[in-house]
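Shared between the two complexes below is chain A, which pairs with chain B and chain C, respectively.
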Partner chain A sequence: MKEKKGTGESLKRLLKDPSSLVLVLTSFIVLILFVIYPLIVVVFTSGFDNWGMFFSKARYGKALLNTVVSSSLSALTATVIGFIYAYAIHYSNIAGKKFFRFIAFIPLLAPSVMSGLAFLLLFGRGGMISHWMNSVFHVELDLYGLPGLWIVQTISYFPLAYMTITGVLRSISPNLEIAAQNLGARGFRLFRTITFRLALPGVINAFLLVAINCFADFGNPKLIGGNYSLLAVEIYGEIINNEPGLASVMGIILVIPALLVFWVQNKVLSKGSYSTVTGKPVSGLKRITTSRKTDILLFIFNTIISIFIISMFAITILFAFTKNFGRDNTFTLEHMMKVVFSSSSPAVLNSLVLSLVSAILAVAFALVLAYIVVRKPFPGKKLLDFSAVLPIALPGTFVGLALIVTFSKGPIILQGSAALIVIAMLLKQMPVGYRGLTASFKQVDKSIEEAATNLGANSRKTLTTIVFPMLQKTVVANFVYAFMKNMNTLSTIIFLITPKWVVAAVSIFNYAETGTYYWAAAVAVGLMGATLGTLGIIKLIFRSKVKIFDF
Partner chain B sequence: MESQVLLDLKDVNKVFGQNHVLKNINLQIERGKFITFLGPSGCGKTTLLRSIAGFYTVDQGEVWIDGKVVNDLPPYKRGTPMVFQEYALFPHMTVFDNVAYGLDIKKRPEAEVQQRVKTALAQVKLTGLEERYPHEMSGGQQQRVAMARALVMNSPIILLDEPLSNLDAKLREEVRVELRGIQQELGLTVIYVTHDQLEALSMSDYIVVFNKGKIDQYGTPHEIYYKPRTRYVADFIGTTNFIDGVVERQEGNMATVAYGKGRKATIPTDGLWSTGEKVILSVRPESLRMSPPEAYDFYMKGKVQSSMFLGEKERYFILDDEGKEWIVDAYDIGHISYEGEVTFAATADKIHMMKAEDN
Partner chain C sequence: MAARKKNNGSIIILAVVIVVLVGGFFLYKSGVFGGKDKEKITVYSIFQEEEARKILDKFKEETGIDYDILRLPSGEAVSRVQNEMLNPQADFLMGGPADSHEVLKKAGALEAYSSPNASDIPDNMKDKEGFWTGFYLNPIAIGVNEERWKEKYGSDPYPETFKDLLDPKFKGEIGMSDPATSGTAYTAVASLAQVWGEDEMLNYMKQLLPNLKERPKSGIEPIQKAAKGEYTIGVTFLGDQLKIKNQGNPIHSIVPEAAGYEIGGLSIVKGGPNTKAAKKLMDYMLTNTPGEIYTQSAYAVSVKPSVPIPQGGIDIKSTKYNSAYDLWKAADQRKDLQGALKGLR
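Right, the complex of A and B next:
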C-alpha cells in the first residue's frame, strides 16, 4: 500500500499525534522567532538612507575593500599552509606525524583572539621578538595593520584549512596513485595530475571557509588591525555609537559572501567530489609518492609551523604565570587568582556555564529537529529545514548583530540577559548538529526499526532502545564540538555580553586591548584549562565512544 | 632472435614480518600465453603479481622481464600495465583521458595518442564513449576502460588482478570470452590472478596453482583438472573423491593398488611407483557411473544418503558398504532418480594416482 501524501493528509496525521504536534510547533516557533524574525528586522533596520550613507562615504568603501583584501590573503596562505601540512602528514614518510596532528589540534582549544594576543606578546610594540630585533639589529618592527592581521589570521585559521583538506586527502583512494605509477607517473607529475586534482574541491572549500571566517572576524582585526579599518570592526563601532541602521547595512554585506559560499558548497563542490566512486582501497598496498628529499623539506616545513604555534602558546603561558614577563620573570599565581579564580572575575566560569548550557540545548534541539524532519510528516517541512540550516551560513558577527538589533527594543526585550548569549551560541552550533543527526537518522535504516517493531517493540521503545543508542556517537561528537566552539567564540557574542555576563574570550580581548597582557594571558590559560578539563571528563564518561585526544 | 621466455622468476622469496609469503618461486612464462595464478586468498598469488609490477621488492631471487633483471626498477619504470580489481579509474578524467594517461606521461605525440587511444577503445568496444566520466558508466564499462588503459601501452605483458570479481555472474562470463579473444588476437602475454577455478580453466593456456606461498602445479587446464599433482590441487579444482591406497606392484604403465578393505584396482599411470608406497586415488564425480555393468574395474556398492538436483546433473551422496562417503554425478538422466541400494563404478583410466605425502 502506498502512503497517502499531500499537505492535508500530513496535517491530519500530525493532529492525531499530539506529542509530535508539540515538537513541530515548538520548533517552528523557536526558529521563526530567532532566525527568520531577526533577519527581517535587520533588513528593515538597514533602510535606504543607511545604504545610501554606506556607499557615499569613502571610509566604509575602504573598510569593505580592506576586508576583502585581508581575508583573501589570509585564506590563501592558510590554505597553502594547511595543504602542505596535511599532505606531509598523509602522504610522506616523515617522523612525528602524531605530534604534528596534535599541534594542529591545539589552536582549537583557544579562541582565535588568543593568537592575536600571542602575536602582540611576540611581535607587538615591546613584544619579545620586536624588542630583540630592536636591540640586536636596531630594526623597528611594526606589524600592526595588514601584515600582522595577515599573519595572525593565517595561523589561527590554518587548522580549519588543514582539517578540511585532511578530509579530502583521506578520501582519495591510494589505488589511483598506485594505478598512475603503474602507468609510468611519478613525482611532481603524479602529484599534479592525480593527487592535487582530486584534492582540489577540498582545497577550494578550505579556501572559501577560511575566507568567510576572516571576512567576519572581529577580535583580531580590532586588536591588530590598527588603522587598517575592517567591516566587522566598523559594525562594532556603529553599535557602540547606537547606529543600528548602518551596522545592519554592513552586517548584510558580511552575509552576502557567506551565503554565496554556502550555495557554492552545496551546489557545485558536492558534485565535484570524487571520493565516492573509487571504492575501497587495495589491501596491503601503500602509496609511496614522496622522495627522501621531499620528506625532509616537508618535515622542516611542518616543524617551522609547529614551532610557531608552540611559541604562541608558550608565550601566553609564560605571561600568565610570571609577574610581568620580560621585565620581572618571577613565578606567580597572582594573575590566575585575580582573573580566573576570583568571584569578582567570573569570566571563565561564565564561559563554562553558558557554553555547557548552550551546547546541551543545541544538541537537544538538533535531535528534535532531525527526528521530526526525517521521521514525521507535517506541512512546511522545507521551511523548517531551511531555517534550521541557514544559521550555518551566517557569520557569528551577523548573528550577534541581528539578535541585539531585534531584541533590544520592540515586543520582546532580551538585551542584557544570559539567555540571549545562550541563544546566539545555540544558533551558531545547532545547524552543525542538525546536519549530522539528520544524516545519522537517515542511516539508521528503516529496516532496523522495522526489525525491532517486528519483534514486538512499540514506536517509543524502538526510539529509546534502537534509534537513540545508534545516534549516541553523533550526539556526543556534536556536543563536544558545540562546547569547544562556544568556549572560544568572540564575534558571535561580542554585542550581547553585559558586565554581569562577561565571558572569557571577551575578557582576553578586553585585557589585550588595554595592554594588561598578563591578565589576558591568565584568562586564556584558564579558558584552555576549563575546556581541556571538560573534554577530559567527557572522555572519561564515554571512553572509546567519543573521539577526543586521538591523534 | 627474441627469446621465447618473457618473464622469468628465479628463486623469488618475499617475507612480510613473520609471514613467508612467497617461497622459492621458479617460473618461466612464454610470450603470447595466457597464464593464470590460481589459489585461495592468502596463497601468495597477488603478492607475486605485485612483485612483478614492482609494488613489492622481492627479498630474494630475481625477476627477469624481457631479458632484463628488474628487481631494482620502481613501478613506474617496469612497463607492466595492470588492471586493478577496483579498476582505479581516475574519477576526474574522461574515458579518453584515462586511457591516454600513460601515453601522456611518456610524452607521446598528440596524433599518436589519439590513434592509439582510439584503437584501444575499439578493442574493448567502447568507441563513442570517449567523453564520458567513470561515474557515468556501468561496472562492466568501467572494467573495459581499465582494460583499455592497460592495452594502450602496447606493453608485451599485461597484469590482471581479479578484474572480474566486481561484475555479476552473467557479465563475467561474457567478459571472459572477450578478454581471451583480445589476448589471442593481439598475441599478448597476460598474467591473470583469480581464485575462481572456472575462470582459470576456461581462459588459460597455463594455470599456476599456488598453495601457501609455493607453486603446487604448473600446467595446462586439462593437466590441472585431470592429472592434479597433489591432493591440494585436486581438491581446489572441482569436486573429487579421494581414496587412500597402497601400491602392490607396477608393470609398465599399469599399477595395482590396494584400497579399502581388501579391494584392488589396476590403474594406468605415467609415474614410477615402488611397492608398498602410499598413494591417493582421485575420481571425479562425473567419472563415476550409476548402475554400471559389473565389468567395470572400479566397482562399488552403496546406499544413497541424499541427492541434489543441479540442473544439468543430479548429485548423489552415497555411503559405500565400507562406510566411506562418495559423490557421484549423473548427467542427462531425465526422470530417473536413484534411491536406496545402488551400484556405481569408474573405468580405470578415469582414476588418477598421486603421491600421498605430497600435501
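Right, the complex of A and C next:
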C-alpha cells in the first residue's frame, strides 16, 4: 500500500480514526503544556535585568566557573575509572567478575546524595576514617569543597560511565583485535591502536553524560561543597530568596551545555563512530585477553573501587541501626521506626507511591507517543518528536525550576500538589522510554498490524492485542529503569516538595544537612529496602522476561 | 491516556493491585478515610525536626491530631508561605526568628490569634495584634571547640568580641551560616548593623569572609561541625551550642557584645487547610510542657516566666548581649541588607 503524502491528506486520515485523533491531541496538549510552555515562561522570566545582574556579580561568575571545573574533573575521573573497571570485566581473566558487576550495580539503588552522606560519615572531618587517620597518623583530612565533591561525584557517577563503556566494549569485534595481533600488534600497542580507538566514541559519550549529570547535581555540592559554590546550589538559593528571574537565568545557563552535549551525541558521535553503540555482544572469534600481570593490576584496581563502595553502604547501615554510631553502638530499631515506619513520617512510602505512579504514566505516555509517531501520519510530527525527546537533555534542576516558576503563578496553579512531582519525574524518564520504544516499534513489522486492521480491528484493538504484547520486554525494562530513577531523584523535585509529599531523597538530604545523620541513614536504608522490594516483586511476576538482577 | 491491557493475567492483577493501593493511599492522604478522628495538621518547622517531632508527638497523644511536617530553614519557610498565599499548604509555622514572622505578617500571610495562654508573655516578645507569639529567646554566640583550640592555639585567650574573629590566624577555622538564607546569621548581622551602622557591618563581613570555612544554608550547622572538629569556631545561636555541649562535646560559648538574639516565634498561616487545629496547637504550644521540652533539648530560654531555665542552660541576663536589638527594624532592612551582602565575595 502506497501512502499518500501531504498535510491535508494525513489530517483527513487522522479525522477518520477518532481514537488516534484523541491520542495525538492528548500528546500534543501534554507536551505543549509541560515542556514547551514552561520553557517559554522560564525564558521570559529571566529578563534582561537579571542577565545583567548575573554577569555583574562576582558570586555568580565564580559559581559558573566552579561548576565547569568540578564537573569536568569528576567526569574525567569517573570515565577513567569506569573504563578500567569495564575493561577488567570484559578483557581480563580475573576472578569474581560477577561480584564486580554487582558492585557497579548497587549505587543505582541509592540516591546520589547518599554517596554524599556516606562520604561525610567516613571522610568528613569528624568521620570514621578521618578520625582514625587523625589519631594514628596525626593527619588532618579536609576534603570539604572541591576535593570531596570530586571524589563523591566520581563514585556516584562512575557506574553510569561503566555501563556506557560496557556497551561499547561488548560491541567491539574480537576479529579486529585478532587481525591486529596477527599483524604484529601486542599488549599496550594493541590496546592503544585498536581497542581504545574503537571504544573512543563510547568513552567520549560516557564523559559527556557524566559531565552533564555533575553539572546539574544538587545534593552533593550542597552537602560537601562548603564554600565552593556551584550553579545548581545558587539556583536553589535564588528560588528560596524569591528571585525566580535570577534562578531562571542560571537555569538557562545550566541548560546550554546540556543541549550542546545532546547535539554532539546525536550528530557528531554517530557519524564518527567506528562501532555501534547498541550494547549487543558481537559474535565471532574468542576475545584476546590480558596478560597475567595486567590481570593482577586490574583485579587490585577493581577490588579497591569495590571496597570503597561497600564501605559507603556499610557505614550507612551501621548508622541506621545503632543509637549514634561511634558514640553509642547499641543496636536499635528506633530510628527506623521513627522516620520510616511512622504515620507522621511517610517519606519512604511517598517516594514509593509517587515513583510507581510516575513510572507507570511515563511508560504509558512513551508508548502512546512512540506508537503515534512511528505509525500514524499527522501534521506537526517533527515538533511532537522534538518536544518528547527534549527533556532528556534538560538537567533535573532545570526541569524542577521550570515547573515551579510556571505553575506557581499564572493561569494554571499546580504548586503544592503531588501532581507536579509526578510530572517532573515523568518528564525526566519519559524520553528514555520513548526512544527505546520508538526503536522497538520500528522492529515490529507493520504488515502484522495491517493484517489486523484488514480483519476489522480498529487502532485501539490493534494496539492492545498486537503491538503491546510484542513490546512487553521493552516496556517492563523501561518501567524498571524509570522507577529506580524516580526513587532516587533529588535535584528534579527539590523545589516541588510539599509538607504532605516529602520524599525520601529530600529527607536524606535534609537530615544529612542538619547533622541528624542516623535519621538520614535510616531513611536511606528504608528507601533502598523499598526499591529492592519492589524490584523483587516485579522480578517474581515477570521472571525471566525481565532482566533486573542479572548483571 | 490509553488503557494498557495485556493478555497476561498476572499483569492485570498487578495493575489492579497497584491501582487500588495507590488510589487508597491518595484517598487516605486527602483524609477521606477516618473522618474526624483522623484530623491532621500541617506544620512548617524551623525548629530542628527532632524537637518539633517530640512536641508534636505529645500534641498528638493529647488531642489525637496527627501531623505532617516539613523542616525548612527560616528564609525558605518565609518564601514558601508567601509563595503559597493563593493556595496555603501549611497551617502552622513553628519556630524561626520573629522577624521572619514579621515579614509574613506584613505580606498578609498570617492569621491573627491571641491565645489565652499568651497573657503572661512580655509585650516585646509577641505581636500586639496576635499575628505571631514568642516561644523562646536565644542570643547569638561564638562557640569554640576547646580541644581543637588547644591543638591550634594553645593557651591563647578565646575570642571575646566579633572583631576578634578577624584575626588572620582563624583563616578557615570559622563557620557561619549564609546571612542571605539563614535566620541565624541574619540576626547576627542585623544586630551588628544596628549597633555599628550598616557600612561598618558590611566592611566587617567582607573582612570576615576569608576566615570562614563555609557558609551553610542552615543555622545550626556551623556548631555541629565545629563540635565534630571540622573547624574551631562556629557562630550560631547559644541554644544550639549548649545543646551540643550537653551531648558531651567540648564547646565553650561566648555571648559577645552587640550580639543579637532571636525570639523564636509561632504563627498560624492564614487560610491553611486546618486553622482550627492550628489554634489548638498554638494554645498547646504556650503551655508549660512544650516550653520545657523545647528549652530542655534546645537550651533556649522560654518566654514564659513559668518555664524554668533548663539544667545546663545559662541565664542570658548575665551576658552583654544587645538588649536593645530591634527586631522590627531588622525585618524592615532584611531585603536591603541581604542584597548588599550578596555583593560581597
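Definition applied: the second predicted complex is superposed on the first by the 520 of 551 C-alpha atoms of A that agree within 3 Å, B and C clash if a C-alpha of one lies under 4 Å from a C-alpha of the other, contacts with A are read in each partner's own complex, and residues count from 1 in each chain.
Note that in this section a residue touches a chain if its C-beta (ideal position, glycine included) is under 8 Å from a C-beta of that chain, and two chains touch if they have at least 3 such contacts.
For clarity, every value in this text was computed on a predicted model and none was experimentally measured.
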| item | value |
| --- | --- |
| Greater residue coverage of chain A in the superposed arrangement, chain B or chain C | C |
| Touching partner for A:A185 - first (chain B), second (chain C), both, neither | first |
| Contacts of A:I466 with chain B and chain C, given as first, second, both or neither | neither |
| First, second, both or neither for A:I129, with chain B first and chain C second | neither |
| Which superposed partner A:I194 touches (first chain B, second chain C, both, neither) | first |
| Contacts of A:V264 with chain B and chain C, given as first, second, both or neither | neither |
| Footprint overlap on chain A, where chain B in one structure and chain C in the other make contact | none |
| Parts of chain A lying in touch with chain B, wherever the complex brings them together | 173, 175-176, 178-186, 189, 193-194, 197-198, 274, 277-282, 284-285 |
| For the chain A and chain C complex, residues of the former touching the latter | 23, 26, 57-59, 62, 124-126, 134, 144-145, 222, 226-227, 237, 239-242, 327, 338, 343-345, 349, 353, 356-357, 360-361, 364-365, 367-368, 408, 413, 415-416, 418, 460, 463-465, 468-469, 472, 497-500, 502, 510-511, 513-516, 519, 541 |
| Of all residues in chain C, those that touch chain A in their complex | 1-8, 10-11, 14, 18, 21-22, 25-26, 29, 42-44, 48-50, 53, 56-57, 60, 66-71, 73, 75-76, 79, 82-84, 86-87, 89-90, 178, 180-181, 212-218, 220-221, 224-225, 227-231, 248, 338, 342-343, 345 |
| Residue ranges of chain B touching chain A (in the complex, touch as defined) | 46, 50, 53, 55, 74-77, 79-82, 84-92, 101-102, 105-106, 134-135, 149, 153 |
